[in-house]
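In what follows, a single structure is set out as structure tokens and then discussed.
Chain nomenclature is as follows: A, B and C, assigned in order of appearance, with residue numbering initiated at 1 for each chain independently.
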Amino acid sequence: MFLEFRLAWRNVWRNPRRSGLTIAATVFAVVLIVLSVGMAAGVHEKMIEDAVRLRSGHVLVAGEGYLDHRTLEQFVRFDAELEQRIRDTPGVRGYAPRVMSFALLSKGQTTSSVALFGIDPRLEGSVSTLSGRVNAGSFIEAGGHRQIVIGERLAAKLSARIGDSLLLYSVAYSLETAYELFSVAGVMRLSDATLDGGLAVISLTDAQEFFVYGDRVSEVAILTDDADRAEAVRSALTDALHGTSVEVSTWDELMPELVEVILVDDAGMYLMVVIVVIVVGFGILNTILMAVLERRREFGVVLALGLRPAAIFRVVYLESILLAQVGLALGLAISLPLLLYLQATPIPVADEMAGVMELFGAEPVLTFKLKPLNPIGSTLTVIALAVIAAFYPAVKASRGRPVDALRSV
Amino acid sequence: MTVILEARKVHKTYYARGVETPALRGIDLSVGEGEFTVLAGPSGSGKTTLLNLFGALDAPSSGEVFLDGARLADLTPAQLSELRLRKLGFVFQSYNLIPVFTARENVEFVMELQAISRAERRERADALLRSVDVFELANKRPLEMSGGQQQRIAVARAIASHPRIVLADEPTANLDSETAGRLLDLMLRLNEQEGVTFLFSTHDPLVIDRARRRIGLADGKVIRDERLG
Amino acid sequence: MLGVNMAWRNVWRNPRRSGVVISAVAVGVAGALLAMSVTYGMGLQMVETAISTDLGHIQIHASGYDANPELQVRMLDGGQRALSVVSDAPGVRAFARRVRGEGLVTSARASAGVKVIGVEPEREREVSIVADSITAGRYLDGTERRVLIGERLARRLQVDLGDKLVVSVTDLAGDLTGLGVRVGGLFHTPSSVVDGNVVFLLLADSRSLLGLGDAISEIVVIGEEATGVDALRDQLQERLSALEVTNWKQAEPLLDYLIGFFDQIGYYLYGAVFVAMLFGIANVLLMAIHERIREIGVLMAIGMSRGRLATAIVGESLIVTGVGLVIGYAVAIAVVLAFRDGIDLSRVSAGLEAFGVGQRIVPVLRTDDFLIPTLVATATAAAASAWPVYRATRLRPAEAVRHT
């Protein structure tokens, strides 16, 4: 094998310009793959993270049928026992009981329909970042009474300022009409345009009173130590809560739309990568093929000297793989530090692009994330590329006949 | 005398675009150990074809070729590779050194295929390069050398594996007569002193003059076979 | 022409080598075109859905609606003035009046926040696909207190055809008020937003519920041709100076951005594909020059000028790329035609419907889609031949003819 390796290595450097071009094409492919995959991973993780930290949590405990209907009919009794069980489950970093419903919110003659979150101000911060998004006034305070926090766009629509009274109107659990005045404690800025224009937050106790809901809550959102542990925490909680009429779900079941958007986005990205990889693959195939064809006589000579056809096959393969490896090493050397830099320094986007990202529920920031699978996948892709591209030339070379060696120039 | 190569009723016909071109028409011939033999004849007489058949580089259309008693048609491609590696040495008209290897590496190449140890390889390669008088070129690549120098290295490569016979196809065709003469002297010396068997194909009078046995070919047939001194 | 003729011959001299480059170009171009056609088809569908379920091509509102889309901003005359202009305007295919409010809809089991949209059934049919998207019951037929809701909303409210709902709103005077209605029909459009958040009812019902009297909120207009929408808007705005006339792009600027955004992604893709191709083409040309050094020397020795030699090399590059382009175009067109009924994406339909894309995406190719790769490929081919041309024209004939 060493002999073949040496032959291959020397041949790679025999025509440095040609090899250089092939390596450059490989480097380009590697950088493109690593950065595209890194960007997709970063943006998607951020989308998930935002959605998880804004609404669902990683794991959700709710009444049976909640996922399908999301009405007050589906509830969980959030008593000391349930709280204790959730708190005792390993992997749970935080939990937040909430009442979720819809209401009309009016100021003067202007009315807007809103999604209404009733949250426990002491616990909410352990799951969501809602309180951190307040950019005027303050979040719901523990022990505060009839305070409401609304999105910026909603506030603009209602011309509501801090301290203004808003009329909240809805239908209670008892199906009776419920209305109450709340005073605006704060305004928050949410990147998701729909939420920013249609979310109102009140305290859990106010919500339970408003909806005549007793100690019921719609859901208990749970944040786990790590997004990857969601499944483990879910099964642990399912066991711990066995016998009670609750359903435990993970974020991907809660937000199938998000999962699918990511799927579609990934599909588009991989399509692009595949197209570029194929084009680069043809380039490599061509280089190796030419290198093989112009060495026909040389292969004849070594065959005449007693090298086996299989060894020639290996030499050609090694050449292709060596070229790919050099390209890969350079590509990774360029792209990985760049990716790590971008991971530390997200790129803010502006104008129309920002609008599009907000439409998709993402903050207008391009984030990057290096996952171990990324360089591993790129490496495997490039090696697979080299192996596939070199196959035909290698077969061609190993079928060379030693007679060719004796033909004069 | 031990017979190394033997051809029995060998015919070879080439087919190209539907046209049959007979190259050999019934060759019966044997080459023994220690010979210094030329296959002589004009272009198209079939000498290169015959050499290719003896070198197991091509197969006859009919008839049989034996190398060291083994019928070539019975051997698998892998066995043929092995045969070329162990028993045959080649010297080509256009030298055909491996361009990416140095002179020493070219000579070592065959030994490396034979899995000879590195130290032994090195020692023998250097000895061979000395014996063909190009030791000072050991670390140069073929493109940096003259034709005569390349061909000397090719000879060293051909005998590096201790072959039973060296097949040389027009080895002097690309060389001037002075260089060619010196190359032939070298091969004669190897034949006499080290007992290397040579079989040439050529129409160069210089080569024919020095041969011990001359086999004349014309139109694919042996027309003459004379042994000298 | 000598150079071009030679280029053409040289392309076919090594058909396998040219073939590999041609196929690389073809695969790249076809892939990029198809990706482009799918994203554009998707964008188009999003726009189409928004137009056909909600926006129309053009919206007419009372002045101030764009800044502050509230119930108070209304056309007191019931849109009569605007209607007379719109119905006479050339290029208008259909139009309909609407009332838009926000409210809460409550069933016996649940409630949900919704847009309350009052429509004139006969006219609304012409501007919206909701009438064609009925999956149960019937479209609005003039019967009072019947509403249409999307299947998605029906699931959330746990109601079926004929079930009772209460639509609660704050009326024009700021008072809370409600209207008991029955579900008269269910619909399913490609937009999950419309399916989950809208209650359609009769214009008359909505007016009395919201206390609007004769007023309406908007008139939507569908033009004869989508391309003439901007001109039509300008013309209507001129004749209705007291009102606000907007087109769908002004009403939903994000949708317009989205199309541009998809195009941008397409350009990145082209960029990536052609950079990848650049290496391949340059490599092949270099090899071709390298193996023809002697020949080039002979050509120069017998008097071929460097200029002609350069023409031959650039020509070879352009021919190979051009053939690849044409094949790529043919493949892309064939695939787009094969999928003219749409690509089935029902597996991810929930995610797509959130953006108004249905279960099938019909890929769409525009003429611009061909223009850009043609220009870029030509530039790429020329750029790729720069180095080989430099190499070849610098050869000295005396040395080149001796080259082996």
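By our rule, contacts are C-beta pairs under 8 Å (C-beta built on N, C-alpha and C of every residue); 3 or more make two chains touch, one makes a residue touch a chain.
What you are looking at is a predicted structure, and each value in this text was computed from that prediction instead of being measured.
Trainee: Can you identify the chain nearest the overall CA centroid, using each chain's own CA centroid?
Mentor: A
Trainee: Going by the touch criterion at the top, tell me which pair is linked by more C-beta contacts: A-B or A-C.
Mentor: A-C
Trainee: Quick check: how many Å separate the C-alpha centres of chain B and chain C?
Mentor: 72
Trainee: Let me have the rounded angstrom distance from the C-alpha centre of chain A over to the C-alpha centre of chain B, please.
Mentor: Those two chain centres are 67 Å apart.
Trainee: From the C-alpha centre of chain A to that of chain C, how far is it in Å?
Mentor: Chain centroid spacing, chain A to chain C, equals 25 Å.
Trainee: Would you pick out the residues of chain A that each touch at least 2 other chains?
Mentor: In chain A, residues 409 touch at least two other chains, as defined above.
Trainee: Which residues of chain B touch chain A once you look at their complex with the stated criterion?
Mentor: 48, 51-52, 55, 57-58, 77-78, 81-86, 88, 90, 92-94, 96, 98-101, 109-110, 112-113, 157, 161, 169-170, 173
Trainee: Once bound in the complex, which stretches of chain A touch chain C?
Mentor: Per the touch definition, chain A meets chain C at residues 15, 17-18, 21-22, 24-25, 28-29, 32, 68-73, 101-104, 106, 108-115, 157, 167, 169-171, 175, 177, 179, 198, 256-261, 263-264, 268, 271-272, 274-276, 278-280, 282-283, 285-287, 289-290, 294, 352-353, 355-356, 358-360, 409.
Trainee: Could you list, by residue number, the parts of chain A that touch chain B in their complex?
Mentor: My answer: residues 3, 7, 10-11, 13-14, 297-298, 300-309, 401-403, 405-406, 408-409.
Trainee: With touch defined as at the start, can you tell me which chain C residues reach chain A in the complex?
Mentor: Against chain A, the touching part of chain C is residues 16-17, 20-21, 23-24, 27-28, 31-32, 35, 39, 68, 70-72, 101-104, 106, 108-115, 155-158, 166, 168-170, 172-174, 176, 178, 192, 253-254, 257-258, 260-261, 264-265, 268-269, 272-273, 275-277, 279-280, 282-284, 286-287, 290-291, 348-352, 354-355, 404.
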